[in-house]
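The letters A, B, C and D name the chains in turn, as written, and every chain counts its residues from 1.
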Amino acid sequence: MSGNTFGKLFSVTTFGESHGPAIGCVIDGCPPGLALSEADIQPELDRRKPGTSRHVTQRQESDTVEILSGVYQGVTTGTPIALLIRNEDQRSKDYGNIAESFRPGHADYTYWHKYGVRDPRGGGRSSARLTAPIVGAAAVAKKWLQQQYGTTFKGCMSQLGDIPVPFQDWVHVHDNPFFAASGDAGLIAHMEATMDDLRKAGDSIGARIDVIAQNVPVGLGQPIYDKLDADIAYAMMGINAVKGVEIGAGFKSVAQKGTEHGDELTPQGFVGNNAGGVLGGISTGQDITVSIAIKPTSSIRTPRHSIDKEGNPVLVETFGRHDPCVGIRATPIAEAMLALVLIDHALMHRAQCGDVKVATPDISR
Amino acid sequence: MSGNTFGKLFSVTTFGESHGPAIGCVIDGCPPGLALSEADIQPELDRRKPGTSRHVTQRQESDTVEILSGVYQGVTTGTPIALLIRNEDQRSKDYGNIAESFRPGHADYTYWHKYGVRDPRGGGRSSARLTAPIVGAAAVAKKWLQQQYGTTFKGCMSQLGDIPVPFQDWVHVHDNPFFAASGDAGLIAHMEATMDDLRKAGDSIGARIDVIAQNVPVGLGQPIYDKLDADIAYAMMGINAVKGVEIGAGFKSVAQKGTEHGDELTPQGFVGNNAGGVLGGISTGQDITVSIAIKPTSSIRTPRHSIDKEGNPVLVETFGRHDPCVGIRATPIAEAMLALVLIDHALMHRAQCGDVKVATPDISR
Amino acid sequence: MSGNTFGKLFSVTTFGESHGPAIGCVIDGCPPGLALSEADIQPELDRRKPGTSRHVTQRQESDTVEILSGVYQGVTTGTPIALLIRNEDQRSKDYGNIAESFRPGHADYTYWHKYGVRDPRGGGRSSARLTAPIVGAAAVAKKWLQQQYGTTFKGCMSQLGDIPVPFQDWVHVHDNPFFAASGDAGLIAHMEATMDDLRKAGDSIGARIDVIAQNVPVGLGQPIYDKLDADIAYAMMGINAVKGVEIGAGFKSVAQKGTEHGDELTPQGFVGNNAGGVLGGISTGQDITVSIAIKPTSSIRTPRHSIDKEGNPVLVETFGRHDPCVGIRATPIAEAMLALVLIDHALMHRAQCGDVKVATPDISR
Amino acid sequence: MSGNTFGKLFSVTTFGESHGPAIGCVIDGCPPGLALSEADIQPELDRRKPGTSRHVTQRQESDTVEILSGVYQGVTTGTPIALLIRNEDQRSKDYGNIAESFRPGHADYTYWHKYGVRDPRGGGRSSARLTAPIVGAAAVAKKWLQQQYGTTFKGCMSQLGDIPVPFQDWVHVHDNPFFAASGDAGLIAHMEATMDDLRKAGDSIGARIDVIAQNVPVGLGQPIYDKLDADIAYAMMGINAVKGVEIGAGFKSVAQKGTEHGDELTPQGFVGNNAGGVLGGISTGQDITVSIAIKPTSSIRTPRHSIDKEGNPVLVETFGRHDPCVGIRATPIAEAMLALVLIDHALMHRAQCGDVKVATPDISR
């Protein structure tokens, strides 16, 4: 109820602050009998962790995960799985200057007004660092979904600021620091240069991220308020800095006619996927396709007008170590959120209907 | 859990099918002491109801609401408020031809695969008719929010298919059948002609809707998964036919720089609202601004390729009475969802922090 | 959250007041494909309804139920099932004298202080009349459990005031107005005379009720807070006037030794059932056995000392039509609550573990 | 949903197994601004911890608690408070003999059948050791309730096996190893001798525990399913080994008449408390009084008939370190559960009604 638990049947409750002693989560509802160890989780955390290129925050965190419970002799027991990640590289003195004033575009202002107290060190609870436990929990969800239904997840950056990044092939995603599905070396170089310029200028920029799930069972999603796409929108808009979410054709569907938008079916399968894999809030068995808009980082070195706690005008410059484009590390996070939504709906479907059905072929891919 | 309840503290559980005997809802959690009668609810239902112009479905429903409980001597008692609306104009025979096959772009396919049984009459549970009870419940929420904090809601259509509808003034919204905030008679005539052409062609079209809430208390929203904007995205994406949601600058924030996007503060208030009234998932006290993309209606008279329950190829034409643009009646629905999200978070904030604080001035309006 | 919904996966949200226009409920989460009509529900309502003997309230209510949604062509569709029961025999004038003062032992006092407003007519929301919708909803649950697992429910009165009612055989339960599992005509006559004397004296009395579920799957229940017995205790203590709950040996287990209490197992099954069918919060497959203590009715004709809303001393006599022993009609209600707990846990188990296992034989019966 | 979270607004999610690396919990929903450190929590853990007398398990655990999050500069921030307790004295080899068979009266049997896998070391998740995190979380709840409303909690053992322990005065509770509210040295000596005999005999015994809350605000509790007493029953029955729960007069109310049971009111307050502080599911402001029955420990050295996983007959003797009366350490646990129920309802009441009212005097104490 207080907003620190994600999911109903596969529930992940996270805790921790950016500069506290530790962050972590408790997963409640993981089905028993899944082979699981830290080795299943660490690689996903490594995809998200800071310090992997010069274009992201230089904070050094190993993000080493420890499983505290819920696994016996290498197998999940159906009881809560607690994951613990110790914070290692806190430099809280960097934040002294913003403890008393509010960064434009940042949660400083709202946390202060809501709670009357806040932990300003590294953004406290509002830090993107808190996506680490959720990525860890999603690694468990992904493994279960893969084993049960063959469901897989992929994601890429499709726009960096005003630079479009056309999709070429998923194989390229891990060959560049941006999760770009592009083998265009010139484009990558342009993106690198853009980021270097921004960093020098003390500014930041937004990004657009696309994620998909493949081999999704048909029938996941609840009418009429816990629709699969509604829960995906909730999950995605809840990621730090996200300002927009699209499913399938998204905002392009505004200008489409019904004869264009509605995906026809043949005995061989769907012939298009404007739906993004969801009709009436329930999965069709096609790929689930999602896009999100990520705003530019609010913590920048350029001085900006703001006020302090007493309401006096101040100029705020943010020092410390920040991602000049939070979108760069957002791809594994968006995949994680999608996986958590799907496992929750898969379990719910099992409760309600007793089984999960195989996917309908999608001949539009 | 099964997806027919919206909200946690101000919970609305709806029931009913398009062509069943009745639709309605139970509101649980309305604070006691609110003066309430059917006269507070009926006007909102009338804004949404079918048959108000030639551009919407011609089904004739008075949508007369009856309060069955929770009100004593004209005042809410804190116990559940049940609202009942009898269906009056069912013509189920219109749907005989689609009972055995699946309309492209429609929930027919997914309901069938999920449940193994479905009520095909008028779309059954998946019909947009089921937004009526939620609009009724939101009328209660709006009244309470207005009395407590002065919060108000407005909405308009900002795009019809590929026709942009520039915002002029809220006063125009009720002067045309489209909820357009425009006094441009030529534009309205163009929209009318477009709709007439579509109807004749047996086709449909999408729309973009903008809604705002004004005089919102600061501090509403929970980190880090029940963020105010996450819950708004959930609410909006859950409306029938919605494929995209934006808060504040939305997808435009992708191409913005941090120096442009982050709304600066002065002692007089915020000087911009790219945030859309939400920072770190918590309301700033500025206007909450939301946009949604609505896909074209899937039930159209133009024959389309599909399959029947046995997987055989069929051509599907949809007769019956349908909105050629479901977006036309979506404005009061989107306002309703926003109101329901806000009252839930207002009550939650009261639980957690004991009070609700007045809004910060927004000098950017 | 506001306490008018029972159950998480098979959720029943009730509404209505004793003297309002109607009472009813919405069942969300009933699995699709169950054959269902009013004829499945009405008999359970008839077992509970008032006016069936001179020992219960003489209010005349047919308690005729109407299914408003969720059933198509005689089969549940997986969407919400709304049940509506119109109130027919309200005599609100009977309650004029208690609108301004508080009956000792009654919810009058607490509702007033909680909400600042209350519907005094017939106890409003706190009336035992509100158990009717829950009994209706449980009829649906019972049918599903019976079809899936062969689970059945029985209940009887085991004590009326200070009169013990020894169990003889379930066949007797419907042969007397008390749900006594006894064929002892002398005992029944003694109970009748006791009730007649009480009614004349304007007093009331308590009762003890036992209920069991048979053919319960093994493995239902969640550690460590949603234990099956914890949820049963919650359900039973939530019935009007209940002050105590026991599972299995109950309070007798205090004086037992471990060598006596712990039910031994043999390859043929359990040789005792002190556990009441629950170990570690999870069903064993044995009979679930529950006992509850029901206090004497608080609405009695004997004048009692109390205060009015302003705190002045008053003498309160309650007129109107009341059960002199609310325990008499409690048996079907307790069965209903047990059925609702079991279906919720059966669905939850299906979500978590994918299947439900057959019961272990219980050779102790 | 999977049963490892207690509470809705002040939610405590626990994790850990008896012999795993650590146990702990995440508290979500603690109001901001409460001064808090480990020193507020440790004393409550020390009251519950093992090894404090020869009558309880001799396992040596310091139960040292570490706060991992949610507190900044000694004050709660409104974000999740994670508590971590490392296990120190696991001797898992003691449990080798019961890994393949089921102790009569123990969760071994049901966990195995539910999950198909279980951690047998020290009872795994079903161990009473898992009450430690809940006692830790309740220390936070108690502090907040005490500061807000002056609410306090007390508990004592009122029966040990067949030995009644008459209440004399709360001051005695900490002067003996049984939480007996008695200064009768002869009685205490008798209890000690009884326990010594049991331990030598390899047997165990039950107990009855009474707990009360004082200075409780009026108006806490939700009709009609989240009644305060229903939630108390749920909380108490969820404690390991509890088989019965009473509120106020409890099972004694069966034989009471209405003229005896209903507590009369005078301008000075209530003149009795058969209600146990709850009417219609809502607190009256009187003391909340609760009694629970705790069964004898199932893990005993006396050989007992049982079966192994394959269904073959076996004799089971339990070695390892066990409490011969789990009731002895149950008093602080029962207080903890009561505190968690009350804080949850206090926050809920604040959400719904905006304030909490002071208690009504209870002149019956």
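Following the convention adopted for this analysis, a contact is a pair of C-beta atoms (placed from the backbone, for glycine too) under 8 Å apart; a residue touches a chain by one contact, two chains touch by 3 or more.
Just so we're on the same page, UniProt names per chain: A, B, C, D = Chorismate synthase.
All of these numbers come straight from a predicted model, not from anything done at the bench.
With centres computed as the average of Cα coordinates, no chain lies farther from subunit B (Chorismate synthase) than D.
Across B-D and A-D, the chain pair carrying more C-beta contacts is A-D. Averaged Cα coordinates give subunit A (Chorismate synthase) a centre that lies 39 Å from the centre of subunit D (Chorismate synthase).
Centre-to-centre separation of subunit B (Chorismate synthase) and subunit D (Chorismate synthase), using mean CA positions: 46 Å.
Counting partners per residue, subunit A (Chorismate synthase) has 1-5, 8-9, 14, 29, 32, 78-79, 114-116, 125, 223, 348, 352-353 as the residues that reach two or more other chains. Partner subunit D (Chorismate synthase) is touched in their complex by these residues of subunit C (Chorismate synthase): 1-6, 8, 14, 102-111, 113-116, 125-126, 130, 159, 161-162, 198, 203-208, 218-219, 221-227, 229-238, 243-267, 271, 274-276, 278-285, 293-298, 300, 302, 304-307, 311-313, 348-349, 352-353, 357, 360. Those residues of subunit B (Chorismate synthase) lying in contact with subunit C (Chorismate synthase) across their complex are 1-5, 8-9, 11, 13-17, 20-24, 26, 28-29, 32-33, 66, 68-70, 72, 75-82, 84, 114-119, 124-125. On subunit D (Chorismate synthase), the positions that touch subunit B (Chorismate synthase) within their shared complex are 1, 9, 29, 31-32, 78-79, 223, 347-348, 350-354.
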